[in-house]
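The two complexes that follow have chain A in common; it is paired with chain B in the first and with chain C in the second.
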Partner chain A sequence: MDQKLQELWGEVMEEKKQCKGCGGALPFLIGFVAAVIAGWVLFPNLLYSKKVQPVRFSHKIHQEQGMECDSCHAFRDDGSYAGLPKNEKCQECHADVVGSDPAEKVYVEQYGQKGKEVPWLIYQKQPDNVFFSHNAHKEIECGKCHLDVGKTDTPPVYYENRLSGYSKQTMKMWQCERCHAEKAVSNACHVCHK
Partner chain B sequence: MGLDRRGFVKIVVGGVAGTLFTPVIWKSLDDVSIWSQNWPWIPRLNTGEVKAKAALSKLCPAGCAVKVKTVGGLPFAVAGNTANPMSKGGVCPVCAAGAQLMYSPARVKSPLKKVGEGKFEAIKWEDAEALLVEKLGVLKGQAGKIAAISGDETGTAGEVISGLLGGLGNAGYYMMPSEKFVAEKGVKLMGGSGQPGFDIAGADLVLMIGADALDSWGPTVANQKAFAATRPTGAAATAKFVYAGPVLNHTAAVSDKFLPVPPQATAAFALGLANLLIGAGAVSSASDFAEYKALAAKHTVEEVEKATGLKAESMKELAALIRAAKAPLVIAGASFGQGAGALDFVAGASLNVLLGRVGGGMTLLPAAPRAVGGVGASDKDAASFLAEVSTGKAAPGALIVYAANPAYALPQADDMAKALGNIAFKVSFSTYMDETAALCDLILPAPHPFERYDDVLNPYGVAKPTYLVGAPVVKKPVMDCKDPVDVLLGAAGKLGLTLGFETYADVIKAKAKALGADFDALAAGGIWNGEPKGGALNLGASALAKVAPVTLDSKTLALAPMSNQAYGSATLATPPANLLAVRNTELLGKDLFVQMSADTAKKAGVAEGAKVKLSAGKGEMKARVHLNEGVAPGTVAVLMGFGRSAWDEFTKGKGDNVYKILTVSDEAGTGLKVWAGSTVTVAKI
Partner chain C sequence: MSHGATKEFKVTWGMVIDLDKCTGCGACMTACQVENNIAPMVDASNKLRTLSWVLVFELNNGKSGAEAEVAYLPRPCMQCGNPACVPVCPVVATEKNEEGGIVSQIYPRCIGCRYCMAACPYHARYFNWEDPIFPKGMEKALSPSTSARPRGVVEKCNFCHTRFMQAKEKARQEGGKPNELADGAYMPACAEICPTGAISFGDVKNKEHKVFDLAQGKDAFRLLEKLGLNPQVYYVSKREWVRKLGDNYAATGKPGAAKKHS
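Moving on to the complex of A and B:
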């Protein structure tokens, strides 16, 4: 019996020696670093799907034509914000193909002439339960919240969260609250949730 | 260096620890919580510009001129149209729910063909229209084989339907029962012609006998505005309103005086009042005044008390009020908008003649020019027609149902539904899956009022000719529907008929032109008014001589159906939003409450909350009892609009349908079918 115990003890000690040979804390560090890399690099790529706008809209070309931001993104008479223009506005110039850019042809033939609105992907789309007034925020620079698309020739890639369905750029409530707090604006529920 | 079990565990532990320093867990938890708020069945907001567009809502019988609020082109709310001189910014409770009703689950979503008992299959429009043409084509030229029932008495659609029937060699265009139908008969009995009108705004005393003018009679919103104008804030009222009827309803509740009068005694009440007025010196230049005076003399205050239970003092006070008024006006009608006899109307209207108020308070409207040739509606109503169908006296092979629900909203409703079964082919043009549509062989979905052109000419009660037009608020209907008039005009063309128009919009434009009105201004929310035609009336004495004496039966109670406009109409079930307004003394769970005074309940042997069965003829309904001292003695009041067997989950199977126990009888001397004086037996169950 004593002999058997001694043999077993010997095996345990041998295993212990071998583990020390594995590097002690090294496996832990390997796992830790791998997880950190996966979490910060791989996870976002898995979480978001990439989408492109249905029409490659060039803000750059439109600006070169002398158009201002509010030529299309304007406040209505009642103070509400029109957001993205509808066909009615686009067709003021693009009822037919007027240039050589293939993207314009896509718009005119697949949307404008069929009376179908372009299903633009909205980078900052807020949930329905949020009442956001652009008018109340018009003193803040657009780029504080929106992607700076003003000079782009190709719209930025739209990243859609596979879980929530929202855009990667959709502002979270804590961001709204922080800015409100910094500017001494009420954070009461009813300010945004009507 | 190999990786043993311990080393593997270390890597995993390190991985877990490392994960805590990444957004994986925290971001996933956050996103999952957002995902859990985004179930596919949660409605999504439509975005876009908020606009308000003038529209004509024909969800209520009179039609409301409204403003429909839209966002991104889709309606989301209804408001009054302050620019419209008739509604003056008001809106009735049914039309207020108009936007919600546009998206109702009860809407017929596409053409449906019956494939079995209660079973339908969706078919394409071209197949549905071909089936309609085929069925009508087979019967073309055979008199009495094609008929139509309409519940729309103000729209020009009726001209197209009667024109189509005329072209097919038929004249059976029947209207659902209404006050207008009976009132025009009454005017004829008084030696006149045309639709009567009532200038409530110009009166300083309005006596409403049965007519629920501030809730469900006539152009209710205009009536309410006229009433409100006589009640200036901080000042004395400029007119008195008196309601004499079977139930303390919404009209009675705001009137200066309420006189409980059982439904079968309204003519006796009016003649009793005439007797008091004549006794106080009232005279008339009408040719039949002497005959009328003799007739009224029989209705002493004692006789009136026997018939109505009203004390002599109440009658005398009322007569004194009328004598003191400079511009009194009497409006007579059924408390629930149908089923009264022409004699009830004549008895009330004769008071206007006696008071010299015809032409001032009570007006007569001229016949309007037609846009489509044809003979118009039959002089029988849909109830009389279906009674003939049930006995075999009428045997149509095809029936067109337009904006009507005869299987639910006719007296002896179960018998009427059975009579519909005798007709081989029935097509219903209906916006909603109502009880009649559910019995039809073909259902053709009609657009909601905000999706189509429509018009309203002279809604019953207006004092002067009135015309309103509605244009679509939306670019495209939210369901796969077509305008019934467009479909019928298309069918007429395929059947070799020429009605002169291709679309309903063209018909309405022609109607506006014939009236001398500006179509575009009307479609933008305007109104056209003409002038009453004038003309005198006699007192209707020879007709009133046939007024049957009120007989009281200790075993039965008078039945007073009670209308509440918020709870829907003959063609519309209670809007889901308005169900919240139903009190728990009106409907509790699935039990409807019938209402009677404590004294009446005691005589009937029932008490508060008792379950009872109301029977009349072959019809019966079940309910509970609620004691209400606002109900006339010997009368049981029953709310209308419940007991639906079709529609949607919100309205189906709640309460019971009072139409089932309304019994039809013949009115002496007029040939009319009446049911406002129905009686019932009440038994505890």
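Moving on to the complex of A and C:
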């Protein structure tokens, strides 16, 4: 009995040795390419949902009218930053349709005249434990941290992380820390966190 | 632990609390809860689980009848010069590194081990045993100044740090110097609301700030000074028994003097 078992075992091992040629470069390459596609293309596509701004706002047209960034994105008297303008500001010019762009009509009819604020998507939205002072950074060009939307006719697509809910384009902590370190500014936690 | 580890800063935010003026009304505690989004407890009778960044203690001189006296002592975080809580934190969720000397606490980084709570001799740190639940409607009145803390992390008073940031922003806007704020430009909620003016606040190293003289007055003292933690919160009382209680009746020679362990 024992001898028979041993013979059987021997046969199995023999088969295994023959099977060695099943591996090799080609299957590895196929697996590698599949993994790269999955990691670099499929997963990011799954992770981020694409969103477009509710109104196709053209920074380009506004700049061509001679407007500066701080014509709409201004500081309040207490030094805090007002961020995006409200209807009140937009309606200084766009109380009624003044141009021929269909996007303007969308704004005026669906938001401005209805007294509804535009739910803009904020590319640089930070978690609520971050305290960022625009005033402390006003010497730095806006485009250094923000998407350079100044010259765009159509706002960039907004990528939202389906898990965290944050924007893909937002500033990451390591970027803040690197710049602080390079400029010899403190990186103590409370400098940016609340 | 070395006693020479006190961190020095050009600006040292300090609080001076006059215990003879404090009536124990608790306005500071209320203002603090509103400013820092501390949710009301469902059952606040369990004092082991309540959260109060500033807590008013009642002191008495242990006598009865006509000689009985009471004092009230508000206790915020002492923002120690040589904090006991910072070196024990295994994840650097708390540090004392920023100009002004405020001991920070970063909630998303905290793992809730509570070593800092065990280390703090002032019991100034609190653990979130529950997720905060705000009664309906109250969530609309939350302050944007302080981030929300989930269950499982430690929190403490930070001298209303966002007000410090806002004061600096205002100084920048007005063309002033954000690193040399004027007396009163930065005021925590408790100091601002105190109806008797018992709580003063400012830079204890700046002669132009009111607290500079107050902290050096002959009746000024700090809590448990013998421990050598070098708190940035000072107390003032003309009553000797109150000053002695401040150091837990350890013989300190003269009130307010730093004293080493015997």
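Going forward, the second predicted complex is superposed on the first by the 170 of 194 C-alpha atoms of A that agree within 3 Å, B and C clash if a C-alpha of one lies under 4 Å from a C-alpha of the other, contacts with A are read in each partner's own complex, and residues count from 1 in each chain.
Just so we're on the same page, a residue touches a chain if its C-beta (ideal position, glycine included) is under 8 Å from a C-beta of that chain, and two chains touch if they have at least 3 such contacts.
Since the model is a prediction, treat every value here as computed from it, not as a measurement.
In the superposition on chain A, A:L29 makes contact with chain B only, while chain C stays out of contact range. After overlaying the two complexes on the shared chain, residue contacts for A:D78 are found with chain B and with chain C alike. Looking at the shared chain after the overlay, A:S186 reaches chain C, while chain B stays out of its contact range. In the superposition on chain A, A:Y166 contacts chain B only, with no contact to chain C. By the touch criterion defined above, A:D128 lies against chain B and chain C together after alignment on the C-alpha atoms of chain A.
Between chain B and chain C, B touches the greater number of residues of chain A.
Of the two partner chains placed around the shared chain by superposition, neither chain B nor chain C is touched by A:N45.
In the superposed model, A:K194 makes contact with chain C only, not with chain B.
Residues common to the contacts of chain A with chain B and with chain C across the two structures: 78, 80, 127-128. Chain A meets chain C in the complex at residues 75, 77-80, 127-129, 131, 133, 135-136, 186, 188-191, 193-194.
Those residues of chain A that touch chain B in the complex are listed here as 15, 18-19, 21-23, 25, 27-36, 38-40, 43-44, 47, 76, 78, 80, 82-83, 86, 127-128, 161, 163-166. Listed in rising order, the residues of chain B touching chain A in the complex are 1-4, 6-8, 10-19, 21-24, 27-28, 31-32, 34-35, 37-38, 44-45, 47-50. By the touch criterion given at the top, residues 95, 97-99, 102, 104, 106-109, 144-148, 158, 161-162, 165-166, 168-174, 178 of chain C touch chain A in their complex.
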